[in-house]
Amino acid sequence: MTNAIEIENLRFHYHDGTPALRDLSLSIAAGEKVCLAGPNGAGKSTLLLCLAGLLKGEGVVRLGENAPLGLVFQDAEDQLFCPTVGEDVAFGPRNQKLPEEMIASRVKESLAAVGLSGFEARSAHHLSGGEKKRAAIASVLACAPGILALDEPWANLDARAVKAVTGILQAFAGTLLVVSQDLYHAAAVCERLVILDDGKIASDGPMENLLSDTALLEAHGLEFGQRCSFCRQRV
Amino acid sequence: MHIPDGFVSGPINGATAVLSTAVLAFSIARVKQELRDKGFAVPLLATLAAFVFAAQMLNFPIGGGTSGHFLGALTVAALLGPWSACIVLSVVLVIQGLLFGDGGITALGSNILNMGIIAGVVAYPIMRGFRALLPTGRNGYFISAAVASWIGVVLASAACAMELALSGTSPIEIAFPAMVGTHAIIGIGEAMIAVAVLAAVATARPDIIPAWARLEKTPQTNKMSKSIWGLTGAGLALALALALFGSPFASKAPDGLDKVAEEKGFIQAASEDKVVWTNALFPDYKIKSIESEDVSTSLAGLIGTIIAFGFGFAAIRLTVRSSRQQT
Amino acid sequence: MEHGFIDRYSSLESCIHRLDTRTRILAALGFLAVVVSTPPWHLQAFVIYAGLISWITALSRVPLRFVASRAALVLPFSALVALGLPFIGGGEKVVFFGIPLAVNGLWILAGAIMKSFLGAVAIVLLVSTTPFGLLLDGLRRLKAPALFIDLLALTYRYLFILVDESQRLRRAARARGYAPRWLPQAVVIGRLIGNLFVRSYRRAERIYNAMRLRGYDGQIPAAQTRPFSLSESLLLAVIILALVSIRIIAA
């Protein structure tokens, strides 16, 4: 199985010189579902932007034949910029210069995959937070990406929307890279956990194993699960 | 300052519409050329148009219970250039007219001319002029922005008053003092806000303004173009100020030629029925429909100065360009 | 910011809604041109215009009260500018309740109010019967410059978000006791707007990134368009002809 993502010795500095990523190396196989977690400022979002080609660091970033990489931002608002949801979802395929019928079918499939069938004529600013997030995902799915990367997909969503997003990610057939502080929901989707801290990879292994290492998680500002309000035990 | 439908006459609206369309078309072409990263132009200009709209909704008190609001034309020009400012303000005006009843669609030409072109494109060389005259550095930059913002707003209000007066909707004796008077005060708010915006940008995102990079270093380069801009901009501002405020005080005594003609008795030769050119725009430096002599002279001077500057500027640019091509 | 009013009635079913967007746009502009060019003393023409636009409003099923109230937003400014005229104008005068009013001034005032109001009604009707995205599309098909249309679309999309941000900033200032009463206190507004600018710029960069990631290369792609059908052209010609005839006859 060829690798979908190959990163070798990636280094990136911000404008003011602070290092964001220090000599980072990572391989993700095609079809793997990986969660990237870490404290704030660890460089997770920066890594995603480098992967997507929006930022250029030093080192090697290679995407296998499963490119293109679809990136879903944390704030869905900035990804829905067309007058209607339908046009937003069609934006990607149109730029790929696909024929009209194919564009129409992509739009229909993508909206169906996120549970927003029939939303073509709705305008983005009338949608709820969860609907916006799903519409943003649909707009990226329409580009038929082999790799799907998401930055904090469950942030600021209500329970229903969280469930919907989890379902969408579980159903995605390609390679998945999810940046998330929310290990509870990430565990339902990803089988591998990579912990990023201070621009370096602190730990990388099967989700199950790492989740039971409470000390490791705490050391990197992470927490798994919720505490029962009575007995303060983790559930 | 948004003029609704039916306030400005057909011919004036037509004239301003033609002028605004021309400048807007030119702006669109220039912006497409100038922006390094062309693709960024669309999201940037659009977001800034939304920004200007939102900023215009924040009122500030100007005393006496009334309030004014920010216009933003010169501020955008300082950040992105005069042509981007023209486009941004035009977008804002179209949306305000279409969706919020702020400004009539038939008056778009006049509104864009006043609030986009005069307050942004014309005020920009004035800012450059002051920057070149004042010592280089942050203070010089901010003072120029403040002064040019104020001038832009006041000139725009003067133009608005003129359009109303020339259409017969409001006599100039009322429109001019009312508009220019209130906007002289609102302009102070505009100047303050412009400086605040530029300062915020300078602190948080200095990479946005290319001029900032030049400000920090001691500029030995471009001294020549600095002085040219300085003379042009300052000269224009001075001329406009003189025309607007000084002309009513111009001496009514006959000038050299008139005096000699009187003494030698041939002044009668220049009588009315022997006039060759009957279509002078401002016969005797007056505007016919305006009764107040002072205001009339001021305005005639103002318009004349702008037209003269326009011709002169264009003539020099064309001459320079053609002489460069010859060498 | 309240913006439900913009598209509240744009998906109703009516013969006006069913027209091609371009027809509605051109008819509205034609109406505007005719109204604005009519001298105010031809009152009968204005009565006909008012009747015509009321009839079209009724046909469109958009509530008349809604249209009238949104159009009435224009009136305060109109009154402000033109109200003084009958009192100070020269020329022939007429006495009203003991006050001499200049006839000329009265006509100008009446003209300004009628024209600005009717113009506003036409635009409100146009915008209420057309979803904004389609309105822009209609303008694009009428050969308005593509860059400008793209800008209008994006600006509209983020308008309310930025307005909300600006209101939130002001509310935050108010919550800390900011209640300005004279000009120098405007410097706080300046800082709010400065903050708003930096945020707006950052948002523009994020939007641009999102566009690039979906293949944007500088041109926003547009969907295919229907050609103007013959019946639509005829209808538009009839409308324009009717308006022009009213203008000529009433004058």
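Letters are used for the chains, namely A, B and C, taken in the order the chains are written, and counting of residues starts over at 1 for each.
Simple rule for what comes next: a residue touches a chain if its C-beta (ideal position, glycine included) is under 8 Å from a C-beta of that chain, and two chains touch if they have at least 3 such contacts.
Being a predicted model, the structure only gives us computed values, none of them experimental.
Engineer: Is the chain-to-chain touch network here best called a line, a ring, a star, complete, or other?
Structural biologist: Contact map by chain: line.
Engineer: Computing the C-alpha centre of each chain, which chain sits at the greatest distance from chain B?
Structural biologist: Between chain B and every other chain, the largest centroid distance is to A.
Engineer: Central chain, going by Cα centroids?
Structural biologist: C
Engineer: What are the two chains with the most C-beta pairs touching?
Structural biologist: Ranked by C-beta contact count, first place goes to B-C.
Engineer: Report the inter-chain centroid distance for chain A and chain B in whole angstrom, where each centroid is the mean of the CA atoms.
Structural biologist: 49
Engineer: Approximately how many whole Å separate the CA-defined centres of chain B and chain C?
Structural biologist: Taking the average C-alpha coordinate of chain B and of chain C, the gap between them is 25 Å.
Engineer: Quick check: how many Å separate the C-alpha centres of chain A and chain C?
Structural biologist: One centre to the other, that is 42 Å.
Engineer: Taking each residue of chain B in turn, which ones touch at least two of the other chains?
Structural biologist: In chain B, 43 touch at least two other chains.
Engineer: Going by the contact rule already set, what residues in chain C reach two or more other chains?
Structural biologist: Chain C, residues with two or more chain partners: 132, 153-154, 156-158, 161, 203, 207, 211-212, 216-217.
Engineer: Provide the list of chain A residues touching at least two other chains, using ranges where the numbers run on.
Structural biologist: Those would be 81.
Engineer: Looking at the complex, which residues from chain B come into contact with chain C?
Structural biologist: 2, 4-7, 10, 13, 24-25, 28, 32, 38-51, 53-55, 57-58, 60-63, 70, 87, 90-92, 94-95, 97-101, 104-106, 164, 168-171, 174-175, 185, 188-189, 192-201, 204-205, 208
Engineer: Spell out the residues on chain C that touch chain A in their complex, using ranges where they run on.
Structural biologist: Listed in rising order, the residues are 3, 7, 131-133, 136, 153-154, 156-158, 160-161, 203, 206-207, 209-217, 221, 223-224.
Engineer: Along chain C, where are the residues that touch chain B in the complex?
Structural biologist: Its residues touching chain B are 6, 29, 32-33, 35-37, 70-71, 73-74, 77-78, 81-82, 84-85, 88-89, 108, 111-116, 118-120, 123-124, 127, 132, 135, 145, 147-148, 150-159, 161-163, 165-167, 170, 180-183, 185-187, 189-198, 200-205, 207-208, 211-212, 216-218, 220.
Engineer: For a test of understanding, state which residues of chain A touch chain C in their complex under the given definition.
Structural biologist: It comes out as residues 49, 52, 54, 70-71, 73, 75, 77-84, 87, 90-92, 94-96, 100, 121, 123-125, 139-140, 143.
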